[in-house]
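Both complexes below contain subunit A, partnered by subunit B and then by subunit C.
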Partner chain A sequence: MRRLQPRHWVFLGLLVVITVAMLLRVPLALRTSPETQRLYDYLNELPEGSVLLISFDHEASSLPEIRPIAEAILRHAFERDHKLIGLALLAEGTVIGYRLMEQVAAEYGRTYGEDYVYLGFKPQFIAAILSMGESIPVTFPVDYLGSPYTSLPLSVDIGSYADVAGVISITDGSLTTHWIEYAGARYNLRVLGGVTAAMVTTYDPYVSSGQMHAMIGGLRGAAEYEQLIRVSGGGLRGMLAQSASHIYILLLVLLGNIIYWREQRKAGKR
Partner chain B sequence: MDIGTIIAGLLTLAILTFLYRDNPIYKFAESLLIGVSIGYTLVIVWSTTLMDILFRPLFDSGQLVLIVPLVLGLLMFSRFHPRTAPLSRIPIAVMIGSGAGVAIPVMLEARTLRQMTATVGPLISDGGFDFSVLVVLVGVLSTLSYFYFSREHEGLFGRVSKIGTYFLMVFFGTTFGYTVMSRMSTFIGRMEFLLTDFLRITK
Partner chain C sequence: MNRKIALIICFIFGVVMFLQYFSGHPVSRRINQAILEYWQIIFAFTLVVGIVGVMRTNIEKIGRGDDVFFRVVTLAGILIMPLLALVWGIRADTPFMWMFENVQAPMQATVFSLLAFFVASASFRGFRARSAQATVLLVSASIILLSRSALGGILADEIPQFAEWMRNYPSMSARRAILIGIGLGSITTSLRVILGIERTWLGGRQ
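And now, the complex of A and B:
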């Protein structure tokens, strides 16, 4: 076995910090950000039975971060008795979106076809978004399970964006931008998002300018939302580990700088 | 424990072995991921795109207009032979032309005009002086001046563009911080799966 290098100790340290934090299961009280609160308020204030589009615009690799976000939004929407139409604009998100909707719908006793519908994947996201603005049944003639769109009680009266309250795009990339630019700017559809933390700075300008109504950002955002809907999920469970890992990284940055400073001083003396 | 959880747990551990060093177990898991992803995407695209949108409507319902996208799509394959390669420019030209036509007006609206409107908000509103509007205004102007290269960055102009670099550094720092947070979240998600579903140490 090779001798462990410094980076191995850094990884091991991170593993220990996260494992211990997860085993402790200490709940952290969080301050809700205005963006998360706005999404909560929006779903809360919508009349019961409002129809929302949920777009799973992500890949499988971001599932650990996306899952708590999606579950929190779906739980709140089903709890408020909203009707959901799911779809995916990235192929990898197709089955993930279906399973998440099916799982959360079962928790709340919701029925497929009446309370939620899953349309599946459509390629060429810009064309798909624009096409849905004209006609959703033409864009998705059949749902994910192969039933004709117009045969389902929920979707039979939903023709275009004019018949839905808004779209919540759950993304790990820039796809929500296309919802904002094509569905929001052109069809005045209200766009909301559940995005990975890495994408928060991309969408902040859209939230500030009002083009994106609200946004949940990363695991922290999911935890805030879980706190608001009083459901313990992956977000709240991971918050202590998240905070501990950040402190660990901060300490490493400090340590690295101290070592660098000492070496510079030594080199200066020589 | 179901077979899916066992496979997912073992593959997660296989990927994590890369943290020690590159090894055959990691390479196997990585190749499997790539293969499954491509295979899955191909099946989805075949069934929901080519079959649902093209072949069934064309051959079953007789929508002859679909011959146009079929021919354009086939022309893309002409790139594989030097003699026929120029033909592939036709579908590419259609894609670029229609794409630009659709994208330019909406992008101008969403990325430029509406962002500019948000930038030049009122400094004094009902609640008094809005400091954040001033920060946004100074940030936008100074950062834009940093990217103006037709004049030497010296004197007052140099000092303003220097302020722009500080705004850029804050942006880069914030973005990097969020990226670290995102990667940590992914790792925490996998650790939760390993500890709860795979190893069943926690509930």
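And now, the complex of A and C:
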């Protein structure tokens, strides 16, 4: 049998750290970031019954991080009795978005067609975003379930961006940038985001300039949001595992540097 | 002659799309909507080009005996998924979506999750304070890592505050510079394409 190499021990250590952290139930108190607070305040202060677009602009690979973000936003929106129109501009987000909306809507006793509608996927995101600015019924003549757009009580009066309060783009890439550039700049649609941690710095300049009103960033953002809406979800559950793995990586960096310094000292003595 | 026609079409559409952006006239809005619909239809056809390319490459390599098993799996995926979609549709609770939810999504999430293990291993082996610049990078990364964990705020209030400062000043100023550069570059390239100065998109000889 081949001997385990140092990197295999590193992998095993991480596996143990994450598994133990996932099994533990430790209550965490997180400081809410200003961006998360702003998104919460926005949804909280919108008049009840406001219509929001929720765009699932992500792939399946980022689901463990995206799901808690999406669930937290959907829970708050349904709790506040907002009306939601879901869609996906990346094919993989289509069924994920539908399932999430269906699941959270059921938790809050919301009805399809009256409280929420799911439009499904449209290819070529730039064309789709611009086209919805002109006419949503032309861009999506039927919803995801095959019903004509104009036959649903919620969507019958929603013609374009002028009839919605804003869009929340849930993304693991740069797709929200297109919402900002095409729907925000051209049609004055308010853009908000739920983005993976890796994308936070990409959107920082847009949040700072006000082109993006607010965002939830990564699992940490989802956990902060769950704290605000007083729900224990995937964000808070995953936060302990994320924190433990971050500390584990920091310890590895420290250990690696100690080994490096010792080697340097030895080389210097020689 | 063919190249000239392509250049004329490009010029007309470039100018029309540019001008309609500033117009709210109903005719302009209708033109915009029609062009956007055609754009989506044309995009759908580009998928066909991609699929044919992938299939041709894989069939050729199977013929040569290169990674036959993996290539057969790829081709099976390309053929089976559209077949399921054509027969049962693509809405929720169809075999197509069952395959997506139970095969594709878990596989993608698994591959993405493996990144954590590679990051851990790479941090251990490569993140060394070899120079002043490397030390700055190491300290910044450590503070950001701590701030994104629950421990950052517990250890000291200054850690999340300092992380926010790093995001709001050094990181954002660099990002803004890049974004402005990209914006100016996009305008220049677009103008060159519309005016027919840049012709590489036509392929072939200049």
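Please note the rule applied: the second predicted complex is superposed on the first by the 269 of 270 C-alpha atoms of A that agree within 3 Å, B and C clash if a C-alpha of one lies under 4 Å from a C-alpha of the other, contacts with A are read in each partner's own complex, and residues count from 1 in each chain.
Methods note: contacts are C-beta pairs under 8 Å (C-beta built on N, C-alpha and C of every residue); 3 or more make two chains touch, one makes a residue touch a chain.
From a predicted model like this one, the values you see are computed outputs, not experimental measurements.
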item	value
Partner chain in contact with A:63 - subunit B first, subunit C second, else both or neither	both
First, second, both or neither for A:211, with subunit B first and subunit C second	first
Partner chain(s) touched by A:260 [first = subunit B, second = subunit C, both, neither]	second
Which of subunit B and subunit C A:106 touches, first, second, both or neither	neither
Touched partner set for A:19, first subunit B, second subunit C, both or neither	first
Contacts of A:30 with subunit B and subunit C, given as first, second, both or neither	second
Touched partner set for A:131, first subunit B, second subunit C, both or neither	second
Touching partner for A:186 - first (subunit B), second (subunit C), both, neither	both
Touching partner for A:142 - first (subunit B), second (subunit C), both, neither	first
Set intersection of subunit A contacts, subunit C complex versus subunit B complex	11, 14, 18, 60-64, 92, 94, 122-123, 130, 186, 197, 200-201, 205, 208, 218, 220, 242, 245-246, 249
Subunit A partner contacts - residues on subunit C that touch it in the complex	21, 29, 32-33, 36-37, 39-40, 43-44, 90-92, 97, 100-101, 104-105, 108-109, 111-113, 116-117, 119-121, 123-130, 138, 142, 145-146, 148-151, 153, 157, 160, 164, 167-168, 171-172, 175-176, 179
Residue ranges of subunit A touching subunit C (in the complex, touch as defined)	6-7, 10-11, 13-15, 18, 28, 30-31, 33, 59-64, 92, 94-96, 98-99, 102, 122-124, 127-128, 130-131, 134-135, 138, 144-146, 186, 197, 200-202, 204-205, 208, 218, 220, 239-240, 242-250, 252-253, 255-257, 260
Touching residues (chain side subunit B, partner subunit A) in the complex	19-21, 37, 40-41, 44-45, 48-49, 52, 99, 102-103, 106-107, 109-111, 114-115, 117-118, 136, 171, 174-175, 178-193, 195, 201-202
For the subunit A and subunit B complex, residues of the former touching the latter	2, 8, 11, 14, 18-19, 22-23, 25, 60-65, 67-68, 91-92, 94, 120-123, 126, 130, 141-142, 180-182, 184-186, 196-201, 205, 208-211, 217-220, 234, 237-238, 241-242, 245-246, 249
